[in-house]
Amino acid sequence: MKIVEEGCNALLMDPDPDKARGFFEKKSRAMTDKRTTVKEAVEKFIPDGCYLAIGGFGANRIPTSVLHEILRQRRKNLGFLGHTSTHDFQILCAGDCIDRVDASYIVGLEARGLSPNARRVMESGKVKVTEWTNYALTVRLRAAAEGVSFGIARCMLGTDTFKMSAAKVIECPFTGKKYVALPAVWPDVAAIHVHEADIYGNCHIRGISVADLELARAAKHVIITTERFVGNHAIRLNPTRTVIPFYLVDAVIEVPYGSYPGNMAYEYFSDEDHLKQWLTVEKDPEELAKFLDTYIYNVSSFEEYLELCGGFAKMKELRNLEGLVDRL
Amino acid sequence: MKIVEEGCNALLMDPDPDKARGFFEKKSRAMTDKRTTVKEAVEKFIPDGCYLAIGGFGANRIPTSVLHEILRQRRKNLGFLGHTSTHDFQILCAGDCIDRVDASYIVGLEARGLSPNARRVMESGKVKVTEWTNYALTVRLRAAAEGVSFGIARCMLGTDTFKMSAAKVIECPFTGKKYVALPAVWPDVAAIHVHEADIYGNCHIRGISVADLELARAAKHVIITTERFVGNHAIRLNPTRTVIPFYLVDAVIEVPYGSYPGNMAYEYFSDEDHLKQWLTVEKDPEELAKFLDTYIYNVSSFEEYLELCGGFAKMKELRNLEGLVDRL
Amino acid sequence: MAPEYRMMEMMICAASRYLEDGRTVAVGTGAPCAAAMLAQKMNAPNLVILFEAGGVAPTMPQMPISVGDSRTFFRGIMAAGMSEMMSTCCRGLVDYAFLGGAEIDKYGNINSTVVGDFYKPKVRFPGSGGANDFASMCWRTLIMTVHTKSRFVEKVGFLTTPGYLTGPGAREAAGLPPNTGPYKIITDLAVLGFDEETKVMQVESIHPGVERDQVRDATGFDLIMPDFIQTTPPPSDSELRILRGEVDPLRLVIGR
Amino acid sequence: MAPEYRMMEMMICAASRYLEDGRTVAVGTGAPCAAAMLAQKMNAPNLVILFEAGGVAPTMPQMPISVGDSRTFFRGIMAAGMSEMMSTCCRGLVDYAFLGGAEIDKYGNINSTVVGDFYKPKVRFPGSGGANDFASMCWRTLIMTVHTKSRFVEKVGFLTTPGYLTGPGAREAAGLPPNTGPYKIITDLAVLGFDEETKVMQVESIHPGVERDQVRDATGFDLIMPDFIQTTPPPSDSELRILRGEVDPLRLVIGR
């Protein structure tokens, strides 16, 4: 195939669909009890050096407990898929866990401002970066989910974002139109927080799915944290709602308030004060180190973290803030 | 782009994404009352010669009222997208409405057998056929829904199905793997039957969506028939359930039992006796003509058709047959 | 004393034994669906049944009539769509698929499109539907069909669905995923596989009471027939009890 | 007597007036969201607001903090995902998108990625996010930004998001859909557009009380400045009443 132009940065993951098929051929499809702990899931599925992707949208429906545990287990040299990664990226940078990133939105927390520490990390030049856009990364996951080695889109064309990517420009065999060809990405592991799951890993999500349906299908291993368990009968009563089926999932853990301090639609709003505190302490590396000790490293469980952040009273406050939206 | 190999049959629709964009640029996005009648919708959006696609899966969740009206309005020379088209294709063949078809599954009614009349029509040589597979047609709709002129897949390769298609074989710019490149298809019009819709065209579907989400996004005009109207507040209470948003839709009509004699999941089962009657009368063209007069041409409304087929008593029977499944 | 059984029961039981536990199988209506349901109740309780239109792992109260009817996702795990199911096949997560067809040749290629000239066919069949997709992307394809000389032909008149195409290496050369292809063919006479080397169809076992020559005479090409061929184990008591009592009590499939 | 207003209010009002009724707009948080909400309550009741993470047409009780938070689909028409929203843009169904950025050049190209060497940047910004996607695929891009010489540069240090690239015909040559591109830039000094012929940025109106030279001095390149330039109509009483009373009663955006 004629390649019109190509980006100059490294492709961090192999887009060979047959290697991915070889992995998925061996993956069990049995509907077994996949309950475990966050600690065990991180030990088992997130080794040093693996390529990680996080579900949700930065500080919305994120698996915070998994991110904290990655820090506690001192993971290093992770690859990261950074599509609108905000608080998740901030946490991983705080733990110095990443050494390469497919970036489309990093170091920022949207309207809240930029993360001083994530900027320090990225400005050090020690983290290898390949540029993309949010849609480009979605198309890359979608291609993987479809079992093919590339997808096409009409973004990135003509820009430095393209030049600093690992994409290629090709022409349509029917119309001659130019497209950016985006290589499939099969992350080694994805962690996704959902509203409801059964013990086998069948999941319900309420509200926007962002790129998580593609991600759950693309990732070789999937860790699910869930606000609550539901019985398998609840899944079977309305199979239209199942957005992630059990055979994609390796581990499932019940973590109430699991997206805290992020927003969980229909459940609780984000804790803007706590997120602001992060941005404040990050200005001073020593302050940040103390903060991390207090809130992550010296903490034994996610429940303990919730207690430190205000416990039931704070959670009730965030539920009330979110409560303006409809519960079913 | 290097084309390794190509199918020899005609591409029935233009895959140019910019022509499609030009159409969609002008399409209104206003959330207005789109209620109309089946008669008016067919008059307005299904002219002679246009390219039509039907939602559902042959005899499951099909817009029967629209199909009958197409016959009553004596539409001719339609193009048709035939992905597991069974009873829908049978009806259109009975009316001699089609002159070209993108075919992946036609003339059959699955386990029920082949349609003698659809076979006669297709064996006459008068209908232009281009071959595809079910997934290939889904990928073509998906590419159109994504606003690009082609999609790729790993089916059709090495077969006569490919040779008799309008697809091309290309190579991945990253891996060199071969793929079948499938041209986007933007049907002129799609008719889709759903469980619930509001007057603006926001839709809920329960159970499998087949290829209808892609189809609703690919088609230039969309006609929705719905088992029942719901208020806009019911849409807004749970926006996660909206699978077809209003801005895709041109016309919406409440047609209870609208998939009859097909199955409507969670509502009523298929009328196998009536479907068998179709297959029986089709053996003799004269019998078929009489049958069509009785059940379609001399019928003034879909309600009258339901009466002819057994009315409330029959519908209750079919509801009971389906009733083994869970209603929410 | 061996139980009495019908040939359709023999075929369903033979097919069901190839389905391993903890694997996925894409089925159609009828005999393949019965075989998968029987396997679940015998040797493969964790077998996951998928339907091309979107149904995943239903709790089937009765056989579906269509691969898209509500039985295919009744109390199922998921009710998705065509793109989801076929993508799952392409990703390598679907182990088995069941197919039928009007003609099959020595390389396991299938015709379900036309007999005669494509543009003015003598017989028009439905076409691929999802068959070509499954046979291209699933790991192992199982074919259930009656065994007649007009069906088992040297070369299919139209190659709808890929078997081993023109022989060894042809699938890979065409771009199909490696290590895929037709696995077993279960007919009313025998179970057939494919020679590792030549990819030509060979007899693996012959059903009880069927003669070698019957199989040869019902096949329109040179079938590989080893000197020693096993007899297909007949349906066991428990297979028949479950098939008749639980899988198909209305005898929709086995009654034919 | 003209009402008093803050510059952010002027910007929001000016932006809102470009949004036509019955059209779609992809917005971020903050001022663009306020502009779209104001337009809905003034001139464009049927304006459809979309968010890149999946929210469609919410009934917003308050401003979202994130383009993916629950406010972006609260009592909305649909809560979908990124692929759905961006595909809708690519299909030509999204008319307007709002962008910001650290640097913008005379062709409307935007930098939101790095200052300095890419591999060891002086400043690392977030990158494209969805900005490049929107600017590539939506019909008309609107940019809201403060107007300073360090932001309005001759050539962006890193071209994150496409404006008219290197000038006339460059977008089409790169493969971007025709008839797309930056439409208006709303700053705290002026509203700017692009010359039809050269695609170079030009002043369309200057806000009340702002001098021509102020605009020129705050721009790091040769801006086209016609002899006669209109004054941007100041916020009207009703615009201000609705903006302050209904759109942003907590003054989250206009209070800045």
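Brief remarks on what is shown
By written order: A, B, C and D. Residues from 1 in each chain.
Just so we're on the same page, contacts are C-beta pairs under 8 Å (C-beta built on N, C-alpha and C of every residue); 3 or more make two chains touch, one makes a residue touch a chain.
Since the structure is predicted, the reported quantities are computational estimates derived from the model, not experimental observations.
Interface comparison, B-D versus B-C: the higher count of C-beta contacts falls to B-C. For this pair, subunit B with subunit D, the centres built from the Cα atoms lie 40 Å apart.
A separation of 58 Å divides the Cα centre of subunit C from that of subunit D. One simple way to say how far apart two chains are is to compare their mean CA positions; for subunit A and subunit D this gives 28 Å. Within subunit C, contacts with two or more other chains are made by residues 73, 75, 79-80, 83, 90, 137, 177.
Under the contact definition stated at the top, the residues of subunit A that touch 2 or more other chains are 17-18, 146-148, 153-154, 177, 179, 206-207, 237, 239-240, 326. With chains as nodes and touching pairs as edges, the resulting graph is of another kind, matching none of line, ring, star or complete. Chain pairs that touch one another are A-B, A-C, A-D, B-C, B-D.
Considering their complex, residues 21-24, 46, 48, 56-57, 59, 73, 75-80, 83, 87-93, 95, 137, 139, 177-179 of subunit D touch subunit B. Interface residues of subunit D, counted against subunit A in their complex, comprise 28-30, 52-55, 61, 65-70, 72-75, 79-83, 86, 90, 109, 113, 118-133, 136-137, 158-162, 165, 170-171, 173-177. Contact residues of subunit A toward subunit D in the complex are 56-60, 83-84, 86, 103-108, 110-112, 114, 119, 122-125, 129, 131-136, 138-139, 142, 153-161, 164, 169, 177-180, 206-214, 263, 265-266, 269-270, 272, 322, 324-326.
Per the touch definition, subunit B reaches subunit D in the complex via residues 17-18, 20-25, 27-32, 144-148, 202, 217, 235-237, 239-240, 242, 245-247.
Interface of subunit A with subunit B (complex): residues 1-3, 11, 15-18, 146-150, 152-154, 168, 170-175, 177, 179, 181, 183, 205-207, 237-240, 326, 328.
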